[in-house]
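Worksheet for the structure shown next.
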Amino acid sequence: MESKTNERKLPQNLEEGGVFGVCGESDVRDHLYYGLYALQHRGQTSCGAVLSDNFKLSLVRGHGLVSEALEPNLAKLNGNMGIGHVRYGGKKDAEEYAQPLISNYLKGNICISIAGKITNSGQLKAELEDKGAIFQLSSDAEVLAHLIARARKNEASVENAVLKVMPHLKGAYAVLLMSSSKVLAFRDKDGLRPLCMGRKGGTYFFSSEDCAFAAVGAEFVRDLEPGELVMVEGSGVRGQVSDDENDSDRIKKKPHSFMDYAVNKAKTCIYEYIYFARPDSIIDGVSVYSVRVEAGKRLYKHAPAKADLVIGAPSAGLHYALGYAHESGIPYGDGLFRNYYLGRTQGRDENFKQNAMGIKLNVIKAAVAGKRIVLVDDSMIRGVTAKRIIALLRGGEAAEVHLRVACPRFVSVCPFSAGIDSNLKDKSVEEIRVEVGADSLAFLPARDLSLIGAGSGNCKKCFMW
Amino acid sequence: MESKTNERKLPQNLEEGGVFGVCGESDVRDHLYYGLYALQHRGQTSCGAVLSDNFKLSLVRGHGLVSEALEPNLAKLNGNMGIGHVRYGGKKDAEEYAQPLISNYLKGNICISIAGKITNSGQLKAELEDKGAIFQLSSDAEVLAHLIARARKNEASVENAVLKVMPHLKGAYAVLLMSSSKVLAFRDKDGLRPLCMGRKGGTYFFSSEDCAFAAVGAEFVRDLEPGELVMVEGSGVRGQVSDDENDSDRIKKKPHSFMDYAVNKAKTCIYEYIYFARPDSIIDGVSVYSVRVEAGKRLYKHAPAKADLVIGAPSAGLHYALGYAHESGIPYGDGLFRNYYLGRTQGRDENFKQNAMGIKLNVIKAAVAGKRIVLVDDSMIRGVTAKRIIALLRGGEAAEVHLRVACPRFVSVCPFSAGIDSNLKDKSVEEIRVEVGADSLAFLPARDLSLIGAGSGNCKKCFMW
Amino acid sequence: MESKTNERKLPQNLEEGGVFGVCGESDVRDHLYYGLYALQHRGQTSCGAVLSDNFKLSLVRGHGLVSEALEPNLAKLNGNMGIGHVRYGGKKDAEEYAQPLISNYLKGNICISIAGKITNSGQLKAELEDKGAIFQLSSDAEVLAHLIARARKNEASVENAVLKVMPHLKGAYAVLLMSSSKVLAFRDKDGLRPLCMGRKGGTYFFSSEDCAFAAVGAEFVRDLEPGELVMVEGSGVRGQVSDDENDSDRIKKKPHSFMDYAVNKAKTCIYEYIYFARPDSIIDGVSVYSVRVEAGKRLYKHAPAKADLVIGAPSAGLHYALGYAHESGIPYGDGLFRNYYLGRTQGRDENFKQNAMGIKLNVIKAAVAGKRIVLVDDSMIRGVTAKRIIALLRGGEAAEVHLRVACPRFVSVCPFSAGIDSNLKDKSVEEIRVEVGADSLAFLPARDLSLIGAGSGNCKKCFMW
Amino acid sequence: MESKTNERKLPQNLEEGGVFGVCGESDVRDHLYYGLYALQHRGQTSCGAVLSDNFKLSLVRGHGLVSEALEPNLAKLNGNMGIGHVRYGGKKDAEEYAQPLISNYLKGNICISIAGKITNSGQLKAELEDKGAIFQLSSDAEVLAHLIARARKNEASVENAVLKVMPHLKGAYAVLLMSSSKVLAFRDKDGLRPLCMGRKGGTYFFSSEDCAFAAVGAEFVRDLEPGELVMVEGSGVRGQVSDDENDSDRIKKKPHSFMDYAVNKAKTCIYEYIYFARPDSIIDGVSVYSVRVEAGKRLYKHAPAKADLVIGAPSAGLHYALGYAHESGIPYGDGLFRNYYLGRTQGRDENFKQNAMGIKLNVIKAAVAGKRIVLVDDSMIRGVTAKRIIALLRGGEAAEVHLRVACPRFVSVCPFSAGIDSNLKDKSVEEIRVEVGADSLAFLPARDLSLIGAGSGNCKKCFMW
């Protein structure tokens, strides 16, 4: 049964999401499944996968985790190409907005999955409606499908149509697109959202993060360049780069054309390293794990604390805390038990969910009683979690709690709609310290972050006025 | 969870389906529910309803019966306007193709429900795709939404846009359409599919059949004219008639304009009277019940039989059998028990379903043993059901079984895609008699059918070479 | 998920219910399924089936119709013996009280299905509890399992144990019992509830009604005698009769022993003929259909009416109405349309369900307007349905409505807990006529009922002071 | 829908499971929910809770996690007393065997939850069957209900009946029992399974572990003594101790009677500390966390390794690894990413599940490449997990992998049916090292384990010949 409320506005910002695609010579169903599974950290609200055997498309979409929403229906399907999606978003409408979106157009079917956000989709949609278009979902994917279908009228191929459309798209996104015989992948022209390519024999893979290649036994080939379009057809692969000036002839270029863009280094969103990505991923050449450990080390140098134990705020604070511990010589420890058996709590009211949040974490008194604790967290948006953990540690009779945050304070709203909007922007550090109840508080300076990995080129607009 | 296979072709012919709409001053949710409930005989595969409170739309759609698919989600919604749909169609894709279809377009939302079939929708779709349109469903409703959205660019109102579109639509259909503040109803220009209007105080209703008005306590107002468009806005109602020549100015006309079309009497599909409609409905001024009883009487006159008992083939043969019995003086009786507790048998293979069909009907031996039986059925498409029932009666030791069919033989495929396609077209009556195992067999002549009710004007193309 | 409220009281009276069992040489799964399917009219609340392949038992139980609750899980199972059950009862606890009940006891497994009611089960349960027994369900089946397990300690076989227990059971019931290698069937000592035996080659069947044999292709063998126990083991069958005096040696008797009981003719519950059973069943030698037609004829002789049309109250009034029409010469007709697409309405409140009841029946105005109608119903417990139908007929402009009820007035509560308890016991016929709104009203006299079929011996306590 | 296969044998060993109970003056529903939630690590297969308001019992049971199986039905219930259960066991039959078990007996209702195993339940069941008892589940709880119901015949209270039964029970178990007005808790006479008591105002709690008290805001009172029975009635609490000799008069004793048993110190199962319990629990006076850290320290002293990084096998190896790191001065690190978004994989075959296991863990190459790793695990039953992790680390280019196991080798099968049965018992350490692919391998000696916490008195039969 399906139920929706269809209001005339774009849905709430979609934050991250992840995409995975595969094009090979034999059945790729399980590859698609495991690849999405490995990207599950990028979205747990809904997911979907579409398979093509060159004759027909088979779609499975659903609410919830990959293992629950795609099973067992995916198991019945087959295909030598496919793309899929995991999505984070409001519960409402989840299944309907689940991607991939399949559309018919003049050349058959077109399937689209987007990770990230096209920031001018509202305007593009209004322009399309003025031309008589109808929308059933109001999603970025549907806007994109319309644009490509219209461009295709005057272009000789779907990749040419996409190259025509790309210059009109703003935002931070990674897109996978499947037509009857091709899989296309393209990345926003600043390379804000990650997208990379892998290979296993004659089968090619695209993924938001390379950690998913391990799940399918593929090897990492390379990251896509900013603004690049790569197309795989059958067992071959052709790459193209799009920009604002002259796309139309680029389609004839071979992969070596990517060299032209070496100057346009990816401005990968820094928050991918800080929080979104998996620690075992390497994005645009930089290890997420290493960025986190190094940030922890620099955090100690910037703001040392006399303490008996360093612990990480569960679970994203772990690697920062290890860096802090290694640099300081203070033992790394564990003072909090996290209950992983949360399941879903949808049947109850907000008050209940608040409590559920409260009980998912317990202090291990035997570990922290009488100790001076350094608590390291990855970032601080509202301070609610830090406040709760500090209270827990004090309940466990910790002698002192020094909070260290491994990234700078957020001072601006993300212009690419990643959903980051801190409500602490107008408070002083001391005010925040008092609010969360720490004995001391320090943030990693923005300049330290720039020294880490390829940090100088990353988009850090949320940390900048 | 959702699963579909999206092949590039229009789905199988949708046969009937039913629509119900309401526009009033207070909450109409229950009206919508009961109205659809009363039209359930026109489609049991899927159904849907959309409510509007002038601010937002709420949609509930699902697979199965109204009582199962719309409950309990509809119970949570409210609105002063709404349209709904019941649909018969292949199991596959049922939920996805469930109507109403909601689309966004330049003026907000537009919701569409269609009973019947737009026969040139494939061609219209191809033309739209050539102009760059995308399709997510390939349904008639989506084609219609595209056409109206495009027409709306140059028209001052949605009703004007519809009037522009109507001349391009071929087929046999009844359409309900809801925009943010209006409910529109229109009927194919030959009046092949039924559509009528009801009223209860300031609340107006549209329905495929007037039997649904009893379920909501409304009174019948009138049938829509062939090619007529009626619009209700708030508590008012305005009627318009569309034709091929000059629609644009008709929108200014008042309801009296319908007189222009008195010559265009509705060519209501004869099979509505024979099978599709409920016996308690009156369609285009003619009682379905009376047509059936009268057909039974004429059937006796045309093909009398010496017999002890007249029985109707369950369940559509009942009223024909009563007419045959009354005219002949042979007692009407009951010789078959029908098991109504069938539920769904979806979990089993075709062989099982065949058996399930077989056990849903039993002979009452005490009623038929030693008797000469006249078995009256409404029509014969493949002869399978008649053959099975005759075998049952012989198993119950009936002395003779004389089969009488209350409509003519099908000799052509329905050009309006109602799904009627008999495989007996090339056989003689004697060949069919032998095949079904009857002692005698007769069909009602087409000329008799023309003498019944308003029969002379009805579409009877399936009975004509 | 399971949820129950377990109060310390026996559940509400279970009314009818039906049992079906089979013991053969090959897989009997489909037999069991179709047999229960054919008995569905005896209970739609829950159902269950247990299959044995002599090594292990497989149980499927569930809420709702056989086709929904047993599918698709039953389809995966196999066995050469099985018993099943359909049950009518309160919605609450339905799944839990679904039969068959499986218990372990000292000799392995024992499975029990009961149609009807053991009226002293409350007392038997209290006695068992005093001896230290525990109960998980408080059902008659569980009480019976306890008694048999205890008796089995001192008896050489399960059939001997049952024979020991039978004299202690009061009420109106038909029981099927399956142990590891046998199927047993027994019937209350007055033969109040029906139970019969069928055969198809070496496979034996037991059923509440013989109509189920048609569904499995078996032929009727005979009804069980009052107080008789029949056991089937492998492909053989042994019959035993139990009474209060000396059961212990009866087990050695052969089937011919049933002659002893020819004097104890079954006092079959008259309401089986009037309402519970299917018209195509023959119970204890008497056709249900014939009883109903004959009752209708006698009803006309007792209470003739001048009228234009005889109609039956849906759906149990049909055959009585045919009898009334045939005897009177007044044409039988149809004036009411019944909507069979009800589905479940569990999601809504009582008010809603009332309305749902209201809309499931419509008048066919074309059939009844201006006519004098005889409305024939099978019985009248509260008069609510009759009142509603008469109002419908008057809404359809019937000139007169004469209500004829084809059984006597209920004057006592059924002592066998069949759930019949009329609230009209203290009213005069004229008071009832006014209440239901009929122009005239008559009931069939009890003496007429006694003249029908084997009526003189039937239990008619509900009609007697 | 329900489906089961009922074979005549006791179900597979149930391993752990957890119990939680509460008896107070106001509604305790949420307490019960959160308490079970906190014990979820002890069983995720099924769970259940029963609430009593002194008038009626309300039961919710289901398959899966507390948050999924008890929601939303528990939210509708209320009561001032309740007991609940989480269970680990085979998927099959899960819902049916979900506890608590509710039975009727001569004094009303009795509800039972058992964590652990009554090892002689098979024999007790056979004895009961010989006395004529029937069993519907074959669970320990049902056996216990039978014994108590029978004992209650001759005893003045349910607690007296329990005291009569306790001497006949063998095994390692913690039981909660609720009658109409009392909650009882009792523990096996060796104190093998943990059970403790908490308090919040006039509300008393029982729990398998004290970590659950934090979830409900209660304070820990004390562990139950081996063989002790504690009863709470209304807002009072009475404690009793049972042993083999003379229980009958103990019921009159007050809580001070526990002093008699100071000599019988609990022989708490050592595997509770090693694996079963949560690290933030304190069982029988000993911190689980501290045992694990101390074991890690001793493990280093016993088997030092030259290495660059210490990592724990996810997730139970964490605290041992911290101890090893702290003692050795080798930095603690993280080299493995665990995917927590597993959900259920029930729809696929075993091969698929194997793969799912394989992809839930990834190596973080940036952390381990070129490093000498000490991998610390809690215990080794089959060696499969260790082998897989070592292969992962080698895939991540670790230079060396030294495996350290923080408990001794298993040499015997647990006589209390906790499910521990290693298949490595007959292999040498060197053979195991080769099999798992480590560069070196060492186990913690049993004597070291005895020196930790209250280790000398713990049951360590699985480590002893």
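Couple of notes before you dig in:
Read from first to last, the chains carry the letters A, B, C and D; within each, the first residue is number 1.
Criterion: a contact is a pair of C-beta atoms (placed from the backbone, for glycine too) under 8 Å apart; a residue touches a chain by one contact, two chains touch by 3 or more.
This is a predicted model, so every value here is computed, not measured.
Work out the mean CA point of chain A and of chain B, and you get 49 Å between them. Rounded to a whole number, the gap between the C-alpha centres of chain A and chain C is 62 angstrom.
The distance from the centre of chain A to the centre of chain D, each centre being the mean of the chain's C-alpha atoms, comes to 38 Å.
Residues of chain D in contact with two or more other chains: none. Arrangement of the chains shown, judged by which pairs touch: one closed cycle in which each chain has exactly two touching partners. Applying the touch definition to all chain combinations yields A-B, A-D, B-C, C-D.
The touching residues of chain B, when paired with chain C in their complex, are 30, 34, 37-38, 40-41, 44, 64-68, 71-72, 75, 211, 214-215, 278-280, 282, 287, 289-290, 293, 318-319, 322, 325-326, 331-334, 337, 339-348, 352, 355-356, 359, 362-367.
On the chain A side of its complex with chain B, the touching residues are 1-8, 56-63, 69, 73, 95, 98, 101-106, 108-110, 125-126, 129-136, 138, 142, 145-146, 149-153.
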